[in-house]
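Structure first, then comments.
Labels A, B, C and D are assigned to the chains in the order they are written; within every chain, residues are numbered from 1.
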């Protein structure tokens, strides 16, 4: 196994999550960090032959040219995250991986995202099909140059605006036909997903964007005998909802209302500040509670961009519930988390687990990864612990 | 099954929990309340032949003579709990059940509890053995007078001071010998437990007091072919700890410290204000987190009696944890619950489930009831959802 | 002074605040309640010859016919507020005052408010001028029938939608001309204010609606030698903002962001659930912090209607600030208040203080009442304690 | 004024506050930091001829030899405070000031403090008088070597255990007599205070230790015509209490209970973890609320050392109050502050203001500095804003 080489390709590689994965992976390889926050390093998962940190090569797309060392150092100065010593020690990898990052594709409509990027670094494409082709080339190039056995593509790019459903999403043949005609029937996230699956690579959608969450792309994965998982990683407030709601259910409390207010800064917060980009995230956050309870209490979720919060998010949840004899009671929580630090270890978990699944010959949606997502494709179970059991059962750990 | 009659005997019947059980049961019988907060009325438990509300007769011991209607009406006036209409509609049962309440036994040392009671209502006993005998008589009397098929005794009386371990606790023969000599080797809670088990009745310890949690009494239960469960019901802050700690474990976070501060009023709060009575409760609340995590973060628990809170408890928990790359994050919660309303439905659950177990021929500690307790006897699992699975598995639901 | 009789006329008399004022006043008269929450009963105000509770007669307008006893009893049943014994003891006044309530006026546009009322109880008017006239008649009628020396009209009706500024608002002559032409240049709240001031009565605007907050009506007050105050009472979250922001200023902290989320139920919450009705309230809540600090940190305020909260409001505020050497720190608070109970005593304070001002010959805007309002007309000071000093200085207490 | 030179002498110079003052002062001199958190840099104080940052020379005592640069760098690594760039830029001052730090004196009893220090660095003294003498020599030495016009001594050393009151504390003559006999009638903090005042220097007690808070030392200050202020700086939870309690009073709410729980790490937290050292701090925190309200609600304060919190403190306060018609409401807050960053700017404020007072010829207790302290000596006013007005009035700003 010493010679296995795998590629982790990040769409949005220069974002908060992307750069934290880069530093994290480089640190873990060197034994400079402990894998706190990674599920796959829990003792029960040790026996699985998952990719070792030193076997992983990093690459990716982004809309702007950037520099891992600079991004990390700037964030350290501004928000106190990361250690300068660690950044320095990992410089070799950071520099080397940076040279694997290729300009990304963006569709015309995404104003909010565009303001953060740099237009001239975008790959100019004249049609969706050409975009898919260019992305595919970048991926195959990476595989060949780095002599990789497997590649997993993880979407950690900015949340796109809601993309309207299309008739051609139902079947691969129809989708291909529409694409052949040059029709704008897919958002950028789905073009990346198409390219990854088409090339036979594993694909993970860490974001609430559409990605591979349409039947036509599920079909493509089956055809190409590859795997995919998504969507929208469950790292904070929604994780807690899916941990707490089962308790309210098991104790037969009647949840009357569940209000969740999220404030955050950073690039993700900035993009989500546009109502159109916020919408997919809101939808993804809304449904878990009622799904677990089996009825719909009044719910309200807000996400606000508060610049001073930088890379931090605070969520305040107010849960109003009825106990015995109509007595109303309240639970409130605040969650003060650093999103990139919550997300990065899960990106590595998802990469390792989907590569492993593919290597075992699994095909299609990886339903056993539901515990990682707010809106797990193909799975109706939202209870975190039930999902975690599904994961362990499937892996036999 | 129409003719089945069961008795629910409450030690501490006139307390907050006791009187709420009385009103609750009478209301449920009449269809005046919905069984919110009762686990055994969840749909998956419906198929079990558990005692119906109208089959249950209430009795109990208390240290003071009192009046259910008055207790409930006074609490309504002071704290806004219960509805006067419901109290009125249930008067018949409340009055009838009240006549089943017998004076209790108390050991000399319990000053804090004594100040709430009325000394002249205590049954004068000259020895522990005589106390056991008198309690036993009360129970058998109840059974005969009300023509009951089964009885379950539930301890919902004030938390006793810590009772020191005794050598004779190890074996029933030794315990009997010490008792025969008139030695004060058992606290009041254990005298009640002895009497209940000795008479072949089911016994549940809802409190952190010693009750049946010694090997000699477990032995007695086996000998008498009866069942018991305990100890210290898990209704609020500790419930949340055993719901949240598994998430921190599953996500491989490193919990650095877990601080929990509880403030409460009421009779329970008053008694717990004495450090000696508080000690068993503190112990019971302390160990769950480290047991679930598998390591010991710094923990701190406080319980303070704040008179103005009356029947309400507020817990504030501060959980400090480390995520990826050494990043420290924080979760805080506040829980604002009415303890009697949280407890009463579980008292009925435990009564129904232990009567059912006994009727099926089970004997000894009912380990499948662990999800109801902070310190489940004979069970090391503290994870609430694992415990809930144990319950459902055992019951085949 | 034994023979002094004053009238307190409430626009929105059957609302939460209105009915609480009715019960409160009747209880205070009878010595059945202590004046907790009333500023004018603090010891330093005792020496002022303010109206005694037994000198006050209650009347008002509302859009629906209703019954004080029923409103109060229903709220008791639903939300546990008030005591039935107190309601019973006050029945005489409640019934008598109820007969003083007259059907109100509403302008066509207010859909959200209309759904709560009963159209047939509205006084049909063919023009704004006729509305003013009818309101004036009701007020003068009340004065004469009850032989009152003074009347104060307090607007505690639902928050109206934002009313656009009009050129004719600048001068009374222009306003009168527009009204004479039948133009819809005033919202209902201003028609009531016009009528009250025109009749020489004191007027207080407890709400964020426009009321008397335009130059033309200030002019009218001067002409009629009467007094007025407003707008939008400061009872909860905003009160705290104007208490805490001065501390951040005095300690030279740099407030980076101040986020406030409010959730509430009740009639007020229901009406504010319409974005158009919420807008004036939001504006009123927004400006205090920056006004006190002297610079504009990022602020965000939300108000959400959560039905299960009934008469209660919970506010969560997150204040992010910078201390020495760029260190970011956080203060958060939650405020769990019952709005009607916070508001009713202030309604009585404002009534007493404006009647007193008028009786002393003051004329125009009562700027010394700024501490009671979120948007005090004519006053730029928002610091609560500075405002409180202004009050005490003006009154010489 | 260009030639004025003043000395700021810190007892406990190598502690969190001490080292933050060192870095802060050096940064301010260089224009590398903005004076956020300093009261005396608010615009209204600009016109006072207070000492400029570049006029201040730092010195002090501590129980252990240490190195400012190392302390600051280590804290940066462990807790993310300070910027490495700033530390580097200030190295010259840090190194130079460090050479001004002299070994301190400690009394035999202080075990908790001793464990943090290094015994061999303590100045060996055979009697209290000799301690006073040696401290005095260090101070005069500093004055002479650095050619200082004035010196202010600020106690920022660890909180001592409660020191019992002595008869000889009442009068200077008696105190001197007891000291002459070698009696242990003063804790270390008071020996430092004695030495400072005796040498005619200004003295500020930032801690809850006894310091100069006894009549005999007040007398000494009068005799030597110098000034002093104390005790226990008001930087967090207590500051908020004295900001919020006046609001509850002004609005005539009845506070039922006020519970405050503090958790903190760091050296201060470690020392306070000993109940004997905690006691003076608890006392200092307890009395403000009832003093402001004029009655005593139930109060509870706890301080717990939670190691993982490092230099941070979180306070959770639960305020239960009664509003109109007996309605109970709740305010809760959490305060997440970095104590050294809150304290350091106030140390500089107090130094500047007491030097200024002395230079203007003031003598004795500086009562106008009450707003800086939890237990202001000689002042009964605890209301923060009243105290702040006292400050501004006294200074004529």
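Keep in mind that, in the parts below, contacts are C-beta pairs under 8 Å (C-beta built on N, C-alpha and C of every residue); 3 or more make two chains touch, one makes a residue touch a chain.
These numbers come from a predicted model, not from an experiment.
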Could you tell me which chains are in contact with subunit C and with subunit D alike? A, B
Once you count every C-beta pair in contact for both, which comes out on top, A-D or B-D? B-D
Length of the line joining the C-alpha centres of subunit B and subunit D, rounded to whole Å: 49
Multi-partner residues in subunit A (2 or more other chains touched) are 83, 330, 332, 334
Residue positions on subunit B within touch of subunit A in the complex are 20, 23-24, 27, 33, 35-39, 41-42, 81-83, 86, 239-240, 243-244, 246-247, 250-254, 322-327, 329-338, 341-342, 344-345, 371, 384-385, 388
Inside the complex, what are the residues of subunit A that reach subunit C? 256-257, 259, 261, 263, 297-298, 300, 302, 304, 306-309, 314, 316, 318, 320, 328, 330, 332, 334
Would you mind writing out the residues of subunit A in touch with subunit D in their complex? 77, 80, 83-84, 334
